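Right, one structure below, let's go through it.
Order as written gives the chain letters A, B, C and D; numbering starts at 1 within each chain.
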């Protein structure tokens, strides 16, 4: 059954929860999930409220208008979405296809509530996979010289497909602000280390050289500061002195697919609020 | 700052969340934590609401009376407690002392908000430890013949110390209904397996014989059905063919202490609701 | 570089390790990996020795003959294989395709050193996936009445493809001894629970009903006793009261794919020795 | 039953394993555990061999002399120890006592095969705990001005107690080379982060500020480069946006105790070989 999802943050104050709950009750919503968090140091309140819209006493289109006075009273930043409004996703990938395959398989299995609008790559390798899953594939090759032009073509493609979310599924190119800015907190990247350890290139080689006993993967929103964006999900796996760099990479691929899928799913179900460099992920 | 904690469950219905939030607002409480869960199959709603009592417009003693009409309207089971009303805990232990030591050390470190009123054992081994932590120690030896009389003395002791929570920290005696019934869902046991696997005696030996690759520990409320009570917390650790039964026991001790402490802490902070054979543990 | 792998077990005795090492040295092998285990209760010794064959002073074909006297002296059960003799694998699957997809993707990525000779199913659903990975697909539909005939056709197919290993990748039919016996310890099954908990059907529903806080998956050799075969690998994931049976199934799919792939890889690299109901898995 | 433990490393070469195994056989040892590792990039071979000494045909004192020619032939670095030669351990601690308590409790439970010779602290807080476990306690207060003199007194104490291993159980002072050099790879520190993330001071505050979803602990050999020594063991735990810095510290304490105890146990059972900045930890 379709639901509305209200995500909000504002300065903490008495009466907040009551006011939001009262709003939902007055419009005929039935709350199926509510979660909140108060950052007591910063004095900021965060909430996610999900409610059934089947018995609304007002039209869907009026919900936002009805909520506006509540939001204004408390100085909220907020957004409202509906579980049956399907988000459009573009997956960007380079040569390593494990995250792409995993996302496509989960999508087909019904785990990811979205439309996968396109697969875009700077290499031709995964066109057959895209075709197998009946998703349009675009190759946008790039060299150091053509970087700017390629990004321009990429921006065009994302616009043409009306993309809501960009997933960097081991896309080994740095995105500039032409992409990052319009899609702020709508670009999810997977980094193959337990950030902030081993930021930058070749994290498995770095981890091997340092002799760590666990390796990790981190899904985060891409920002203009590489590997510094707000972290959404992380996972680790145990390794030993027996593991070569290749073994770390193999073990790591399992982490990468799992962590990226978890982050994409959290985004698509409107569970993530960003504040500062951090995220609140309601579960 | 002291808070009130309201734990409730009732048939799911529109307006529930709003009514509870409205109640808190009307008495001048400021909600610092609210979490809820709806079991959609069973149609049951669960909620935990914690709110500051520093600015209450009514006396603490009146809160329950004020809430009663709301509870009645929705057919709620509920309880109200205050974070500064310290619970009194008895720890029961047999010969293995690792859980006892761990709980006492956490208590001294301030992790467990309670008074440890007494340590009770059917063996004398841990009297010095209790003394070191300045907790009264009682030895209640037991033989198959004296089982009934010993349990009677145990019930007396728990009563005399006005105990709110009984923690079975590797207490290797089965408790009868004389204890279980008056302390329903107030007796926490640690079982040294990943229940329901390896219920009953000698779980590490059972696990070794079956050749499992993970061992576990389970904290649960003790009921009259041994090892069948509602599960509060579970944890596992990896083992290999190299591990003897003694190795499993050693690894398992770490799981037992961690899992038991987590369950006790969840109970003491009023995070657990029992329904049927299951628990809702708000985090 | 190609290696030979010697897997052996025998009664424990002084001089065993020296004799095996001496044998490898005499034939010109260079040991790259050696691992051993002694079950002290049972008095049984297990060893895996892997050595380079590039500088052998005897022909590969003579290795077994040269080792026979050593094996006889100590009463060893043993087998010898070579890393470049590719095993032939059949994957059996029913309707749920996540394990199949995962194995095919890992195989293509080079993680699984084998030939995937065929995909066999009692349903037609995954023929396109097999085709995409260029693996022959066979549909062998089955009803309660045709069970025996279908299994006979299955046995024929496995024989015709000269299959070395059968992987039950969520194949929801019970295999009879016509398959189990000739492929003893060469049929790997994935069970979607942390065995021995929740053996039998619908383990996620069982787990949900019991209210466990962790769910698991178990890869084991299939034997005539359903869900009782030697365990190869297990993994668990945390769940909460919020998770429905469907959520458990979704979380569980990730465990199933990971655990099954790990078990298949351990088998293909000759790391598993079975004894009694247990396995030694050298890593 | 007592065993000898031979730990060695040398350039990789054919015949190594055979020569060591032959040596053990010739002196009448029975190998109970052997493990090896080859770093193929570096071309270095590592081995740990443990063998029963009950049926030795030579005296214990002659073992090293007998092994010397083998070691010389292959250019080995090696050391030989006996399981019944109890190591003497000093635990250094500042104000936080959880690791100290944990080590003392494990030691009393028989998990740590050593003598705890002394507890040394720059604060008086834990003298009663040491007394309870009947271990000498020494307070060595320190100020920035007295740092050098205090370290000198510390060196004297370690010498007087003939200490084999120094465990920094949350000892918040940096040790100079006067301690580090003579106890090279015999000083184990616990750092309360997943190194190399959050090296330096206040790692839980750093982790909180960065918004990571996992926190960790790392046991490593202390070297003159702070937080850069070879890593022995690491562990992590999941955290969320709900966790304050204090919550991270509380969760982290469990990691710290577990990881430090694991590292100390690995050291005491001669399972660790250091090379470069890394360790081989045989299990």
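Please note the rule applied: a contact is a pair of C-beta atoms (placed from the backbone, for glycine too) under 8 Å apart; a residue touches a chain by one contact, two chains touch by 3 or more.
Given the structure is predicted, the values throughout are model-derived calculations rather than measurements.
Among the pairs A-C and C-D, the greater number of C-beta contacts is found at C-D.
Taking the mean Cα position of each chain as its centre, D sits at the greatest distance from subunit A. Averaged C-alpha coordinates give centres for subunit C and subunit D that are 37 Å from one another. Centres computed as Cα averages put subunit B at a distance of 41 Å from subunit C.
Within subunit C, the positions touching two or more other chains are listed as 40, 240, 242, 283. Chain contact summary for the complex, subunit D toward subunit B: residues 97-98, 101-102, 105, 109, 111, 128-129, 132, 240, 242, 250, 253-254, 258, 283. The residues of subunit D lying in touch with subunit C in their complex are 14-18, 20-22, 24-25, 28-36, 38, 40, 55, 238. On the subunit D side of its complex with subunit A, the touching residues are 37, 39-41, 194-198, 209-214, 216, 230-236, 240-242, 244, 276-281, 283.
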